[in-house]
Amino acid sequence: MSDFTSDEMMTIAASRALGNSDVCFVGIGAPSAACNVARLTHAPDITLIYESGTIGTAPDVLPLSIGDGELCDTAVTTVSVPEMFRYWLMGGRITIGFLGAAQLDKFGNINTTVIGDYAHPKTRLPGGGGAPEIASSCGEIYITMKQSLRGMVEKIDFFTSFGHGEGGDHRQRLGITTKGPTLLITDLAVWKPDRHTKEFTVVSLHPGVTRDQVQANCGWQVKFAETLEETPAPTETELKTLRDLKARTDAAHRGPGTDQAA
Amino acid sequence: MSDFTSDEMMTIAASRALGNSDVCFVGIGAPSAACNVARLTHAPDITLIYESGTIGTAPDVLPLSIGDGELCDTAVTTVSVPEMFRYWLMGGRITIGFLGAAQLDKFGNINTTVIGDYAHPKTRLPGGGGAPEIASSCGEIYITMKQSLRGMVEKIDFFTSFGHGEGGDHRQRLGITTKGPTLLITDLAVWKPDRHTKEFTVVSLHPGVTRDQVQANCGWQVKFAETLEETPAPTETELKTLRDLKARTDAAHRGPGTDQAA
Amino acid sequence: MASFMSLRDAVSQNLKDGNAAAFEGFTHLIPHAAAHEAIRQGFKDLTLIRMTPDLVYDQMVGMGMARKLVFSYIGNPGVGLLRRARDAIENGWPNRPEIEEHSHSGMANAYEAGAAGLPCAIFRGYKGAGLAQVNANIKSVTCPFTGEELAAIPSVRPDVSFIHAQKADRKGNVLIEGIIGIQKEAVLAARRAVVTVEEIVDDLDAHPNLCVLPAWTIDAIAVVPGGAHPSYTHGYYVRDNAAYLEWDRIAAERDTFLTWMKENVLDAGPEVFAGRVGKLRRTS
Amino acid sequence: MASFMSLRDAVSQNLKDGNAAAFEGFTHLIPHAAAHEAIRQGFKDLTLIRMTPDLVYDQMVGMGMARKLVFSYIGNPGVGLLRRARDAIENGWPNRPEIEEHSHSGMANAYEAGAAGLPCAIFRGYKGAGLAQVNANIKSVTCPFTGEELAAIPSVRPDVSFIHAQKADRKGNVLIEGIIGIQKEAVLAARRAVVTVEEIVDDLDAHPNLCVLPAWTIDAIAVVPGGAHPSYTHGYYVRDNAAYLEWDRIAAERDTFLTWMKENVLDAGPEVFAGRVGKLRRTS
């Protein structure tokens, strides 16, 4: 199967990083698609948790929001939001937090709060939501985003959530005991933090992608691993699962209420 | 209706102090009987809360414990124990906390923890349970107990729950904003705290009871109000309601499992 | 004790200019009808509290009702930014509300502490996060047993909270089902509480452990079928995802926004909501 | 991830000498069968944690298994004192356990904080109460916003928690209904969790908002019909109030106690519980 988009490659590569015994706190957008592809392919028993309180959910279509009814209908249980953040997130029950980013730096620090100055922003973004504590309370953090010079920057405008800070042992120095970002999956490559510096390093290029392409779409000087692998192309099953999911989702989101007033 | 016991008078006098709009945190024993007589007579809409998490309960028989199934079956809702103590008690939602006592002093301080020294007790009692925070978080506290020299003492052995401490404004000095004990109903009399000293003062004698009897069964020098009233005798309805409730309760507690091993 | 009344009376009797008000709902059960009624009645200088301010807050901010916003995620979930809120924060149109921003964990803990009658919430949070530098209400306390530094923020105690729920019984006990979010806490943390419901029933007939707010925790109940639209009411109608997508276009420009508000809010009433959910009802 | 196994294996694999162990249940769903299995296996030096230690703790204390007791109400609810616990505390028979005593509010908050992964619980409590003088684990912190002094106690983090529940599905998800007490917190606060259930079903078929513990929060599940007796399991059998009254007589003397323990615990097995609840089952 050679005919796939870079977006599809990104989602499928991300889905492969998830296992059957993971308990995954799912952000909306690309993370949600990746988590559900994993569930529908190699990890049928993965536990997906959305911050709206739905635990062990198995939606047939991707939710538009983190609180669509589908998530509750298919969940093992649905708890209140304080319980979600106290017992399940802060309680250390989540193995993987899956985040997207508007701005990302090489140490996995994320900004989804503002572009420009906080007090006088050029662009006011939605803000962190659950991310500040997802980043510190989950066992480890996976990040997925499309590469761009605007998105992958040398210096983010605001520390919405803390990755490895200035790198090295910065997390430990702040008293954070979890691993932080351990994986970055973009539309071009798979990245992992260097063991010592914690700087994200490309370990695998997606099929047909060059080093120059990765660098051309990243705002910092990219480091590549000594042995660079090629990400296996999507299998037919993976691609069909993702496309079917997207098709069901698009149909559902156009929905029966299109001609209604908002 | 002249034929009633002092116990019955106590329970019925206590029941009269409760109103339709009260939200009452019910202790087990005499408080539970009084609260349910109130509900079955003049206060059908009273909200009874047991610390097991049952809110707005209406048991047909008195529970032996604070968590009998009957309480849940008849409740408006049943919440977890942390929620009960956080949102409902500490949240300030309870108008009246109804407590019994093993030892009581004239300022409404209660001991149900130990007789003798705490570290080397002569008698280890069950302890406070909910009482320490019931005493400080409820709008006001009603106490009911049978009088005895052993129970109503000059000095209690342990401050399980704080009433008016050493009297006067002791509560305010500790930063407690609720009223504390405002009513004591014994098998002989109705008592209210003096407005200034906060010492419990007899305001009403039950029918046929003398001042000497009250003093003979109380370990401190009893103060009597200038105008001393006589507690109205139980009405036929009150007495029938209480006796029917007790009869149903006794039958239920003997239960179907009497011949089973514990 | 809950009184049944029209939405108009419920809002006018419980919301005042200058109040701190929460219109809560975590994607599900968002009290759109109540917010529209507040817009029609033209309140000013509100401190608007909500974990996830979305369309109704975009609308209230765009109409100039907000003096201050307290929130943890100010977006159109799954769609993008809130264009009226952006215009207010970035350009001061029609005014520039003050901002107090938290994380979800912070807001959830702050509501929980409010419901528990505590002055502050204490939790493990904001480690390395930029909000701790820009929000003076993020402080810390030290655990007296381990020495760990924990985050402390003031509890949320709204003057009034508005929520939407499935149903009330005739005594005024209210049932909330599905994604229950932060609604119980929003009601219990508030001085006054207003609930819109899909319907009144003789008996809630609810399992003992479901989320029921007793009548005596609520001040006013108004029946508004469809009152959560374009959010949804589990068991009654589904989320109007298309309307959320459409809002992005409406809110893009000031004049399309104002035209829409006049037509759909100012010149309308709570009775229009039933019609809006007609095609979204599901029998399952 | 929950494994199904015999009660014997569930206890032997998860409880160790010297552990801090909670056998929780707030009147309802008390894990009597699990406690009896622990007694049969003869564990020592346990720190026994429970809000309302009643008959099973009287039995474990009387058998000399407890090095320390952490509790908020040590009585036979509605009946009176616990005579074996008294004998241990007052007379040191068979040993004198250390005591850490809290209020219900304290214990409930400490379990809640344990489930939330926090080192301590902070709440408004113990004001003017004598426990604050005799328990070194009752400290305070100051609210950084209002200056109010709040109580602080360490969170409860048992090595292992035992609970009894209505049922599990075949994946090991567990449903608890009725008076749910502190069981969810006891499980989530603990390093390991063991659940006895009345039955295994294909599908819990539970409303989304009920108290369900996902399989991956539990270590072992054992099926023990009647396993809560003389406590009760809502929907299965009622509380054996007569047995609670009878316990007062059995525990009054050391020899009647020991005779009863031999006959009913040491020489018995989990299978006897089904018979004990035979007459207590209700179809309603």
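A, B, C and D label the chains in the order they appear, each numbered from 1.
By our rule, a residue touches a chain if its C-beta (ideal position, glycine included) is under 8 Å from a C-beta of that chain, and two chains touch if they have at least 3 such contacts.
Note that this is a predicted model, so its numbers are computed, not measured.
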item	value
Neighbouring chains shared between chain B and chain D, ordered by label	C
Minimal step count in the chain contact network, chain A to chain B	2
For chain B paired with chain C, centre-to-centre distance based on mean C-alpha positions, whole Å	40
Intercentroid distance (Cα basis), chain C paired with chain A, Å	27
Per-residue overlap in chain C, given as positions that touch at least 2 other chains	112, 116-118, 123-124, 148, 178, 180, 184-185, 208-211
Sites on chain B at which at least two other chains make contact	72, 78-79, 86, 90, 137
Chain-level touch network, classified as line, ring, star, complete or other	other
Pairwise chain contacts, counting only pairs that touch as defined	A-C, A-D, B-C, B-D, C-D
Of all residues in chain B, those that touch chain C in their complex	21, 23, 47, 55-56, 72-73, 75-79, 86-87, 90-93, 137
Residues on chain C engaged by chain D in the complex (per definition of touch)	116-120, 122-124, 137, 139-146, 148, 150, 152, 154, 177-178, 180, 207-211
Residues of chain C touching chain B in the complex	1, 112, 115-118, 173, 184-185, 188, 206, 208-212, 214, 216-217
Touching residues (chain side chain D, partner chain B) in the complex	26-28, 51-52, 55, 71-75, 77-82, 85-86, 89-90, 101, 103-106, 108-109, 111-112, 123-131, 134, 148-149, 178-182, 184-185, 211, 229-230, 232, 234, 238-247, 250, 260, 264, 272, 276-280
Complex contact set, residues of chain A against chain C	28-29, 51-54, 63-69, 71-72, 78-82, 84-86, 89-90, 113, 118-119, 121-133, 135-137, 158-162, 165, 170-171, 174-176, 252-262
